[in-house]
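Written out below as structure tokens is the structure these notes cover.
Chain lettering (A, B, C, D, E and F) follows the sequence in which the chains are written, and residue indices restart at 1 in each chain.
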Amino acid sequence: MDREFDLLSMGEILLRLSPPDNERIVRGDTFVKQVGGAELNVVSGVSFLGLRTGIISKLPDNPLGTYAKNKVRFCGVSDDYLVYDEDSDARLGIYYYENGAFPRKPRVVYDRRHASFCKINVCDLPKSLYTSSRCFHTSGITLALSKQSRDTAIEVMRRMKENGTMISFDVNFRGNLWTGEEARVCIEEILPLVDVFFCSEETARLTFHKEGDVKTIMKSFTDDYPISVVASTQRIVHSPKEHTFGSMIYSKKDDRFYEEEPYRHIEVVDRIGSGDAYCSGALYGLLAYNNDCQKALEYGNATGAVKNTIPGDLPSSDLKEINRIILNHKNTGPQLEMDR
Amino acid sequence: MDREFDLLSMGEILLRLSPPDNERIVRGDTFVKQVGGAELNVVSGVSFLGLRTGIISKLPDNPLGTYAKNKVRFCGVSDDYLVYDEDSDARLGIYYYENGAFPRKPRVVYDRRHASFCKINVCDLPKSLYTSSRCFHTSGITLALSKQSRDTAIEVMRRMKENGTMISFDVNFRGNLWTGEEARVCIEEILPLVDVFFCSEETARLTFHKEGDVKTIMKSFTDDYPISVVASTQRIVHSPKEHTFGSMIYSKKDDRFYEEEPYRHIEVVDRIGSGDAYCSGALYGLLAYNNDCQKALEYGNATGAVKNTIPGDLPSSDLKEINRIILNHKNTGPQLEMDR
Amino acid sequence: MDREFDLLSMGEILLRLSPPDNERIVRGDTFVKQVGGAELNVVSGVSFLGLRTGIISKLPDNPLGTYAKNKVRFCGVSDDYLVYDEDSDARLGIYYYENGAFPRKPRVVYDRRHASFCKINVCDLPKSLYTSSRCFHTSGITLALSKQSRDTAIEVMRRMKENGTMISFDVNFRGNLWTGEEARVCIEEILPLVDVFFCSEETARLTFHKEGDVKTIMKSFTDDYPISVVASTQRIVHSPKEHTFGSMIYSKKDDRFYEEEPYRHIEVVDRIGSGDAYCSGALYGLLAYNNDCQKALEYGNATGAVKNTIPGDLPSSDLKEINRIILNHKNTGPQLEMDR
Amino acid sequence: MDREFDLLSMGEILLRLSPPDNERIVRGDTFVKQVGGAELNVVSGVSFLGLRTGIISKLPDNPLGTYAKNKVRFCGVSDDYLVYDEDSDARLGIYYYENGAFPRKPRVVYDRRHASFCKINVCDLPKSLYTSSRCFHTSGITLALSKQSRDTAIEVMRRMKENGTMISFDVNFRGNLWTGEEARVCIEEILPLVDVFFCSEETARLTFHKEGDVKTIMKSFTDDYPISVVASTQRIVHSPKEHTFGSMIYSKKDDRFYEEEPYRHIEVVDRIGSGDAYCSGALYGLLAYNNDCQKALEYGNATGAVKNTIPGDLPSSDLKEINRIILNHKNTGPQLEMDR
Amino acid sequence: MDREFDLLSMGEILLRLSPPDNERIVRGDTFVKQVGGAELNVVSGVSFLGLRTGIISKLPDNPLGTYAKNKVRFCGVSDDYLVYDEDSDARLGIYYYENGAFPRKPRVVYDRRHASFCKINVCDLPKSLYTSSRCFHTSGITLALSKQSRDTAIEVMRRMKENGTMISFDVNFRGNLWTGEEARVCIEEILPLVDVFFCSEETARLTFHKEGDVKTIMKSFTDDYPISVVASTQRIVHSPKEHTFGSMIYSKKDDRFYEEEPYRHIEVVDRIGSGDAYCSGALYGLLAYNNDCQKALEYGNATGAVKNTIPGDLPSSDLKEINRIILNHKNTGPQLEMDR
Amino acid sequence: MDREFDLLSMGEILLRLSPPDNERIVRGDTFVKQVGGAELNVVSGVSFLGLRTGIISKLPDNPLGTYAKNKVRFCGVSDDYLVYDEDSDARLGIYYYENGAFPRKPRVVYDRRHASFCKINVCDLPKSLYTSSRCFHTSGITLALSKQSRDTAIEVMRRMKENGTMISFDVNFRGNLWTGEEARVCIEEILPLVDVFFCSEETARLTFHKEGDVKTIMKSFTDDYPISVVASTQRIVHSPKEHTFGSMIYSKKDDRFYEEEPYRHIEVVDRIGSGDAYCSGALYGLLAYNNDCQKALEYGNATGAVKNTIPGDLPSSDLKEINRIILNHKNTGPQLEMDR
């Protein structure tokens, strides 16, 4: 399938403001200024690995929107499908993030209501969009932000699907955006469209009322819906500065579960976006290797694990780096101490 | 009159985010993090000069609100009348500020809609408020932000006035918050309550349709309304980095105009809040010197002029510093080069 | 007892200067600028938890003193009892702090001699002081700094006690300020005034020549003196970046020792002031919960443990944060990874 | 002419390292990290104004090259024609820049020899390149850097010209790269290809041995070669922090000189790249307005003038900002003080 | 005269702490950390110009003293005659400096009492000292700091003089260290030892009660004492950010006054230490050019003028830079805009 | 042996540029600016411990070279044997360093080719050099950089040896500078000159084809060549942030292996230069304690271990600090938590 993009995604781009290092939001004189957003994190990760991606989003027509657009381009993500909000109340959604250190947890404060993205409309988007990508990805956050963003996302998914685009969806449940029940009802409506489904075991149990062991749960989604691949990350938070990260992937076609040793003793610098980075690695594996779930597993785990060491939402690892990390992860012998 | 506070003010407290030095909003990795807001600027200026002040405002019940509260206290302004918004959509209004350098003008981007302050209600405030201060100050911004803030401000003004509180009002017209006509109608409604009126010549002409020379215009306000003192700042912007700043004050009681040489060749570091600093100096003069308009003029001009040299919205000059500046301004002989 | 303050404290406020991150005092181009001081740390901690506090201290009448005053206010601590030193040699005491990383220990350099605080005098203080607070706290540092500060502190303690104020005292032995023997003689003189006594096991042994197990030692203080509560922190320093922190409290009234699991695997960002933060939590528990030693234990341990994760001397945790930490500490099941 | 790009350029991309503010290269602990390069500066300026641009360059295949590529994208410039140097000695050229303040001049130190760009070869470039743009721009720097870069640039110019591409050339004489005589011989060889020629009066006199007044000189180039447009900037350096900037443009077709009042009292923040920004504005005027030299003059002067106020090599002004500046420049009445 | 050093100086080395840019001492989170001191400024200036210098001083034996020693070495000044104070109250003197911007003056706060330097003693110094340098310089600050430093400085001057060392002395009157009368008495005592005398016109009038025009005054010192050269700087402070700087030198031997056009429109970044830099240039001229007062004038004016553009106390200009500045100062034709 | 220096070394001085904290080379706005280089690291470590050292190197005659020279002096290392390259292509070699965090390894990018050091020539050096030091140290890096630097280093080693100077050599094998075989051939040529030989077990096996256990290998070097001391560090990299570091030393004279417990759980801040720091400690032990290998072991291990906690290449520990660390390392009882 020869299309302009390997992956398009639709989602909100947020301004992220964080106190430096271990400082606190309630004090201090500076904020580190970054952008993020679940779907942007995914496409930028895939872009850094070498595929062609773009983001569908709505930004305010002001310097903050320009800043976000410039950062999108910095990540090698196409801004062809960014649309601009010229209303006088146009705004870029914000979130504030504070690092944790045991026993102090990381802290997130959202200020994303009324953001320009919440007004995104199918009319904003060109028709050529629907045949321009091999794969489309979005997440539950986009469905939860506003009725307008939900309707638009679902309509885009439908049209993409009709044009033979692979549909990827990450549940990404956020209790502060909607209730579990609202999420379940809405997501069950779109699952018939989904090919690749990212859902954690915990969300499956709490939101979708699944029972049994994790394998039973993952498989059940492919029984209930025409889903090809189910991926589930497994994270153990030993402390804000030490995590273990791995995943399991189920392939309907092969009826097989793909697993490997998780990454242990991760030295966490910034955990935000590591789940999205996982999606980016997994989608890279599927898109670059003809839906090879072993590749999805290895790339997903490596990109997810290493993102924890990178400040900000956005990943920054290129293919060489990820390949070295995968190699080292499999390697049981002595290793070089640094990359020279 | 022996009251707990010399000055109370009501207004929005904003988070101010600025790129460092001459950097731009559309680029860069940090924002300088400050707070500001016209009314807070005024009371903090008066507080630094040594009087007892407080701010009436509504803040989100989250770390950003706590940050704002801490900064209010840092300025020596009482937080007794800060109330908190526990709604899930509570937010602190934001504005972004970028310095200018000729031929590039300073740039402001507002993101203050839906802020917690817009929901402030008389019910939030204790009855003791209305007899606790010698003077109450607010500005046209508070009237313009939302119907709720306008109604609350007018009601507070009324009750304060009934309890013998001196009422100070700064027009502070902002074309992006309301039209000139909306401003005129609303402000003419409250002018019968006002004792001290801050209005620039330009606003008097454009918004209140005044004609004639500046003295005619200033005097006319005291003819139309029971206003005691009218103050009007006069700023010449030679470039973003060089201003001239002065003012004229008219006293109804004396039927006299107070004037002095303006401050010329001001080396502007941050011009925001210098008009508010002027109000703070003028109110300090009136409150500390029994409504002495000469003192209001000298303190107003000095605090306004020097604020241009201080980064951020908030002033930071104590009485000793302002007194030295006034002395130097009047001094025509040789001066010491620095304060040791 | 209805008094203006829940807690007043008396002690020196220091300027603290630290190289950023892991940099060294002997190199580099910046110092992080903060304030601290054992007693200020205690009252600011109690203030952040929601009680009304103030600090009795003497500051130089210069911009450094103003900076310290502004920071006191930032913490929500009243500056009503700050007095100013207008002598030409007035100075703010300083200490330099450098972080450690194993095998390099943290480094402290003091430059606090001749500080304005050392000249503090009972004559500086208003008589209303002695009936304005429910509790008064000071530490052995104040007794050790100068004869003048010692005499003043003891006199304030006496008058406070006479007016029914609860007296809290933290030994806080510093070998560079006085000898163990000097400390013992002086402190034994004031112990008859003390209600709440903070003393580590090690200090009890080395300075007060106590013997036996820790419980025997703690109890013995209440036998020798009319002390109600003895609290003793227990810290294990695994490395400069990993500590275990807990405490034991003995209540004379109940004749009972209060204990709980210590906080283990604390990810230490800045250990300075964590002992003071412990005092603040313990005093909060006693003052807010009618001398409930279980509350003192839980609040003390949580505020002490979490302070290790916060840069600078001063705590910054409000009641919600501490309550969440206590809850998590008791919780044995799965936990949320971050506070959203 | 419907082509993918409005403007392509070929030139070296350099890492620029500068001490912050007025610090010096010989001291201090940080460098501000940016990218620049005459040709990149030009295309990024045109891109920010809204046209489609790309840069032809060669970067090392290492993280520094990736950084440069990311910045190119950040500026909205296509990286389609970036090629990578995988040799073990691949390197990104560097220059160090230190701000001046009278009587201290700005200081530049080059470390650009042996850079990957010097190895750029026609073989590196796809054939589609030569028909992909409406206009091609390069400068004397590219001709001077190495024989390889010179040969490649001349060959690209030839092929572009053959395919009907407008050729723009800026002399940009640098005495540390070649002698005036070398420059003259080489540039006279390519002038038969050039449509738009940027050359300062001083360079015309010193390098091309032109005589007479500036108009005579400018016109003479169009007599000697088939050049359509000659543009010459005129800068007066009152001090490192105050410049006057303007230009004159001669149009062969109209046989007319375009002039306007220069921008005076420019508050210079960073002068580097303002000549390149001028080229970007002038080319924007020609490309967006069908070779309208009046537009070229106005956009050139405005983008050149305002670049002096922006840190780094790269411009950052979008069309709205430049249009406002042009409007203000022509406006003789009162002006708004800031852009809100 | 073949000696190990061209210039030795004796004086206090201070830690200098400044808020960044235009920030204020009373606010903010960082101090820029530097060292300075009148005599160190002089020798480091001479060292950067290429002569061999050293500083005689006493530093605390702690990391702050080490920092100061490292900075001395950084400047190319020998630390052979630094001695260390191992007392428990050893301290490095501090001063705080805040930049000004009209109408706000620069601000200095001293905290230099009880510094280790005040305890410096002749016994601390090796006998070889007195024959190791061609010239010895100190200033009135050293005489004023403490009786101990005064006695030591005078004794060192005497022994140096006895061994044929040229003695240079800068009055550097500081009203916060001693009265004019104390200064006069003390300095008149040492003037019989002085060869090169730096004294401003204002100090000559106020402290030494001189009358008449500046030339009369300067000459009178050489009549009263065996002084060879009198140098007097002339500074006009147009604003904190714009100064004019020049000087006049009188040579007894030639009975001639040396003058040149002052440096006008200096863009002041940091004015501190520019008087000391003047001394360094003047002494360089005398020492490197066989007491040529024309050279002293030119080097003095250039180093003094350019120091105003350099952050911190310490100069940083090498001989090439100063020579370029002198050349440009004399040059009346067009100049290169930057040093490439 | 009474010579001017205890240790001279010859090697390249590099500019080191690193993103702050955990940021990445491919992003961000600042580089931390430092200097380093294996041989400079060694001599500066020895200098901080109190011996007299100097560095033989060649720097560009530009501000970057001046910066490097100033830093050399900052470290207390003599710049007497620095020579300057005035060629127009003179350059300071650079390397970029990025911190790691598991699973992301630290990253190094070199840009050191064509550096001025590569042109160093025996003719540049004065004859007095060869009799001025008790010991001379260099490393395999100097041999590998260029034929010119290799020839010069070998010639310097020969002449030093002839004049009775102890020769120290660290293999420091770098695969990106030469092959193992090239290294072996070259180093075997100079081993007859070497007295103290630093070589890791791994390098001994891979480069010198040694076999057997580590003791056998170490001893074999002293059998094959007239080497007196062989030292071999042993590092275990648990993660980029946790290492174990120790060493073994073999003394030919005693025919004895010196060992002690390694430093475990090192909290790594910056691992670069810790091997060089080891050499500095070991050489300090030998030079200050009459070739006492026990001292070499203890000082080597302590300086090497603690360097891991210090940002940048260069050590910064003085003798007191190292002595405290050695004492703590041997101490099995309770320890003070910080150095006050």
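Definition applied: contacts are C-beta pairs under 8 Å (C-beta built on N, C-alpha and C of every residue); 3 or more make two chains touch, one makes a residue touch a chain.
What you are looking at is a predicted structure, and each value in this text was computed from that prediction instead of being measured.
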| item | value |
| --- | --- |
| Intersection of the contact lists for chain B and chain F | A, C, D, E |
| Selected from D-E, B-F or D-F, interface repeating A-C by over half of its contact pairs | D-E |
| B-E against A-D, pair bridged by the larger set of C-beta contacts | B-E |
| Copies chain F and chain E - interface residue numbers shared by over half, same or different | same |
| Chain of greatest Cα-centre distance to chain F | B |
| Chain D on chain F, rotation in degrees - Cα superposition, rounded to nearest 5 | 180 |
| CA centroid of chain C to CA centroid of chain D, Å | 62 |
| For chain B paired with chain C, centre-to-centre distance based on mean C-alpha positions, whole Å | 39 |
| Chain C and chain F, separation of their C-alpha mean positions in angstrom | 45 |
| Interface hub residues of chain A, defined as touching at least two other chains | 21, 24, 26-30, 66, 70, 74, 107, 176 |
| Chain B - residues contacting chain E, complex | 21, 74, 263, 265-270, 302, 305-306, 308-311, 316-317, 321, 324-325, 328-329, 335-340 |
| Footprint of chain D on chain F - complex, ascending | 17, 24-34, 62-64, 66-67, 70, 88-89, 91-92, 94, 96, 98, 107, 109, 111, 113-114, 176 |
| Sites on chain A touched by chain D in the complex | 66, 70-71, 73-76, 318 |
| Complex contact set, residues of chain D against chain C | 28-29 |
| Parts of chain C lying in touch with chain F, wherever the complex brings them together | 21-24, 26-27, 100-108, 110, 174-176, 235, 237, 239-241, 271 |
